[in-house]
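Letters A, B, C and D name the chains as they come in the text, with residue numbers starting at 1 for each one.
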Amino acid sequence: MRINKALEMYNFKNDYAEGAHPKILERLAASNFDQELGYGDDRYTLAAKQVLYERLQNPKAVLYFVSGGTQANLLVISHLLRPHEAVISCKTGHIYANETGAIEATGHRVITVDGVDGKVTPTLVKEVIDAHQLRPHVVKPRMLYISNSTELGTIYTKSELISLSIICKKHGLLLFMDGARLGHALMSSSNDLSLADIAAHVDIFYIGGTKNGALLGEAIVFKSKELAADFDYTLKQKGALLAKGRILGIQFLTLLEEDLYFELAAKANTLATQIAQTIAAQGYQFLTPPNTNQLFPILPKNMIKDLLNSYAFYIWKEIDDDFQAIRIITSWASDQQEVDRFCHDLKRLADAKQ
Amino acid sequence: MRINKALEMYNFKNDYAEGAHPKILERLAASNFDQELGYGDDRYTLAAKQVLYERLQNPKAVLYFVSGGTQANLLVISHLLRPHEAVISCKTGHIYANETGAIEATGHRVITVDGVDGKVTPTLVKEVIDAHQLRPHVVKPRMLYISNSTELGTIYTKSELISLSIICKKHGLLLFMDGARLGHALMSSSNDLSLADIAAHVDIFYIGGTKNGALLGEAIVFKSKELAADFDYTLKQKGALLAKGRILGIQFLTLLEEDLYFELAAKANTLATQIAQTIAAQGYQFLTPPNTNQLFPILPKNMIKDLLNSYAFYIWKEIDDDFQAIRIITSWASDQQEVDRFCHDLKRLADAKQ
Amino acid sequence: MRINKALEMYNFKNDYAEGAHPKILERLAASNFDQELGYGDDRYTLAAKQVLYERLQNPKAVLYFVSGGTQANLLVISHLLRPHEAVISCKTGHIYANETGAIEATGHRVITVDGVDGKVTPTLVKEVIDAHQLRPHVVKPRMLYISNSTELGTIYTKSELISLSIICKKHGLLLFMDGARLGHALMSSSNDLSLADIAAHVDIFYIGGTKNGALLGEAIVFKSKELAADFDYTLKQKGALLAKGRILGIQFLTLLEEDLYFELAAKANTLATQIAQTIAAQGYQFLTPPNTNQLFPILPKNMIKDLLNSYAFYIWKEIDDDFQAIRIITSWASDQQEVDRFCHDLKRLADAKQ
Amino acid sequence: MRINKALEMYNFKNDYAEGAHPKILERLAASNFDQELGYGDDRYTLAAKQVLYERLQNPKAVLYFVSGGTQANLLVISHLLRPHEAVISCKTGHIYANETGAIEATGHRVITVDGVDGKVTPTLVKEVIDAHQLRPHVVKPRMLYISNSTELGTIYTKSELISLSIICKKHGLLLFMDGARLGHALMSSSNDLSLADIAAHVDIFYIGGTKNGALLGEAIVFKSKELAADFDYTLKQKGALLAKGRILGIQFLTLLEEDLYFELAAKANTLATQIAQTIAAQGYQFLTPPNTNQLFPILPKNMIKDLLNSYAFYIWKEIDDDFQAIRIITSWASDQQEVDRFCHDLKRLADAKQ
């Protein structure tokens, strides 16, 4: 088998470098020869939904499981917007920055705002509304897309979420939360939101499995039957309805029937916190507050160069002649020993600089 | 866990009722904690492509792995057609009959022809070309979509495929073969096509994993770099690029590095042949020739009613007051004992009628 | 100026060979230097709408003027259907046969039925509904598109329209009437529908100007504010909102404030009737009943060949070795003397054959 | 007829408040009863194209006439881009600021840059290219859209255009010029570009009629047959192919066979220059250089308030507590006496302030 140079180093580039939590693989194996109905009507999917309904405390919610985040985003947005309607997002939002125009490909503009640490504020929403008054020569803002945790590792507080919810209602905007890393947000030590809070204050969100222990899978939650009406058609039409829906059901059942989903996110956060504290202790800053499993420390360029000999991670942003921000991501599968080694190396390099 | 009534009977409704071949699950487990690059750049995907390149005997081919058949169809067709161009398909073709307008949703008309046993003929293609001359008031036919095996269980012979290839070239049509059940076609006792033949005579095709032993996955083969140019963008834009591409690579590597893929299809065909011969021996007819793992026998309605007490399958078509055509599908996972029992029951019911 | 061979003959090919009724040109000139608001907020558009509201006898109707029939069709259909919804049409319907896949380009399947003399029947609608039950693997029929007069020159009776309206309501289908030649339908001697009847029984329709005396223009009528909601955005987004909307307003005001629109259609019908009666008197048949300004007589091939020396018209359909159906169209601008000459020539040729 | 309050004032809001140049109306009347072929195959369209080919000095150019600017933009862009490709535009560009997401509705992202006086620079293009390297997670920039004159009344110099053309070629971008006000750009006293220069340095552009003397109409120029291939299909599919194409042909023939098009633009510019010089003489500044028929003077708010009693124009931008930028547009049809009166009033108000 071909050896990839990049893999000789320990990988902090993302949270999808490994497979799935072993319990998921075990359950896939255990259920393998059961005959199940296709297209999400299998018993595991039904059971996983049941578990999730209980956690959400919203009897009107409607649930669907899909394969990935870009898919979830384009399905939800294209399902809910009419052709002249647009979605508001941070410039750093995944739908704008990382999805190859997937939303525009379904016919809708993504209106961008600059964001504060990757988050949208009510003021920014109001500015968009004000700038889109010259009907019918402008698109009609109809949805606000936010990510929690964000693409910059930050999280929304309960009061921030409620204030967004209020301004969205006021201006007829649906509030959609990309939860590709929702587990990490909810398990952050800075977090004051519960899953039920989110279910109460946003119109649609999803619970990301791909980046938190599943082989693949995101659980989409619609607040009401009205919003979800005919979503089964949309799934099929966009090629998102798996024949063997069981593989999504089995995974979410495993992750959610006990607290595995939250334990895995907590582990990723804990490892990130260890790294963040090590970095802070050396006196370095962060581009955005280190709240979850994504860190954006600002480090000396020669230190970064040294670290890149042993670890894989992204250089995120040029800061000045001497410093760059990098992105470090931990996950449910990150190795404690490797994290220890990284912290050790970082301290050593910092000490050497003094 | 909820008990589904339908599952008390043995399921001949489709070839995706079970999970994956155990070797696939084993390999997923064995590789689980390897850190791999995302989005299809992992070592398993690269190895699986290498294996497939060798089988195809076309050094210019370009390969991609995706999740499912509808996804593969819409990706390929929307990637290759300009907005005013259309694809020709049988009315029974999956893209017309079973995909919720997925192709039209990408902006393209599916021009239908009636087909012969689910197959397109050169004459039908020529009729479409002739009917689309009043430029620019009509769409421009630009692709022919065929399935092998077809949605009616039939297969294309080598001479049929070549004659389609010739008329396509003559009229500037790309030839695209949906191979969701390509294994079953190639392993049919009536088949005279090789994988290399197909690679030589069609412009794009795919090798279906979902219906032949994989959890999910189809391997798309483009004949040339020109046809495949920028397909990576298309994959991402349509939400089809899995973060953990490794799960597709691992599966196709397992299926194709030895002959597992073909052995599984052969098993499904063998079980179907046993059923077909049993039915024929009782003097019953078939709607279409029983070539692969999908059978469409025409049986007395009261026999069907009895069978439905023990087995799940679809009633396909009303034939007359006394007879209906049903659809029976076997798979790599079908149980030999259940097939024996079905044949035994069928004979018993047939005898009772005499 | 280049001389076009086809134009040496008198043109019965279509009803848009000439410019506009002189009263329209006069009014364009008379209003030319008035400063008006753009985008349909001019005084002429407002006045034309007022006139039309009165004729429709539906105070809830909402009106828009657009440039042409294909544009009207794609605007209305894409505005009203959600992505997974489809429109039913005759195979001969303009949206299927003559518009380069304009509807599919907006993402929607056109489900075709064979039709009876270019008309859809309740039975055909029911068959489509029955064939689209396997949710979510099929598109969802949501609209019925009909033309009146049809592309084959035929018209809907009041009872036919009401029965379609009933089945549409029953199955949740919007009923949309393409009225590119609505004037000719309403002024047919076989017609028993009024403009108010149509406004009462269909959900959306339009009154065609392009083929009945205008330079360009179709008046779209929505039955309710709910259906029309945000249609201004759709107009602009699809490039259909003219900066100088006045040119549509002036034309419809001129056509509708008196009975000019109906007089022009009546004239076209009268000339067609003269031709139809001449043909019938010679014992020839018609492909469809000659109800309006489009005739489809079945004539001997050698007679057709002779007529083509002096007149331009389309050969529509091969009937047998000796006969073809042709299409003859008259218009508000057709010349009585040319019609007389055509009838005379036709009689002469018919006599010579005997 | 309803009286519109806004119309009691003289209108400097736009350049489409009046109808068409009288010569156009005369020619429409003179040709009215000629029978012509439909869909742009009429003799007037052919003659107008012939005249334009000669002016362009590019024998490979391909021409089409369409109704309006938004339509031209969406037709060209959707025709030339593949689904994953995007177009770059100033934030003030018409396709981003004023067209209701028309481009996104065809599936393509509009990537915005801030622009300098409404113009794109090579540096801005390079920044976009650099920011779109993370293939395939980003869209692929494939076209640069510019307007000349711009939406802020400014124009491109020959050297600016050539430097854009060079960077576009280098990065595989098509260069598309929106010429809704091309006449005003070419007749600007600051202009050093000829029509042939533009034809030589851009890939696609159009010559705007709607805002320079026509009832409606833009003439699209493709640099080569390859770029224009199948554009007739695109026209029809998007509802842009007028049955009576003659009305576009007649207008462009009238505007271009002599120098009427350029004389009309020159008149609009001259009137604007008179206003600009009057404003400058009073010591007021402009938001952007006053090069063409669109002016953006920065005036005291109380002066603006007074002027709004007698003239209609847009308030464009808040500058500070005391000043606003307004937009004044003159046209081929603007009245010299009204311009004189406006200048007189402006001087009077300025004097009163001192």
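Heads up, the rule we're going with is that contacts are C-beta pairs under 8 Å (C-beta built on N, C-alpha and C of every residue); 3 or more make two chains touch, one makes a residue touch a chain.
Only a predicted model underlies this, so the values are computations on that prediction, with no experimental measurement involved.
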Requested in this report: Specify the chain most distant from chain B by Cα centroid.
Outcome: D
Query raised in the report: So which one's got more C-beta contacts, B-C or A-B?
Result: A-B
Query raised in the report: So, what's the distance in Å between the C-alpha centres of chain D and chain B?
Result: 52
**Report entry** Centroid distance [mean C-alpha coordinates] between chain C and chain B, Å
**Finding:** 43
**Report entry** Euclidean distance of C-alpha centroids - chain A vs chain B, Å
**Finding:** 34
**Report entry** Touching two or more other chains - residues of chain D
**Finding:** 83-84, 99-101, 105-107, 136-137, 139, 233, 236-237, 241
Requested in this report: Going by the contact rule at the top, pick out the chain C residues touching chain A in the complex.
Outcome: 78-79, 82-84, 106-107, 135-137, 139-140, 230, 232-237, 241
Query - Interfacial residue positions of chain C with respect to chain B in the complex - result: 83-84, 86, 97-101, 104-110, 134, 136-139
Report task. In the complex, go through chain C and note every residue touching chain D. Result -> 1-4, 6-7, 10-11, 14, 16-20, 22, 25, 28-29, 31-38, 41, 43, 46-47, 67-75, 99-102, 105, 210-211, 215-216, 233, 236-244, 246-247, 333
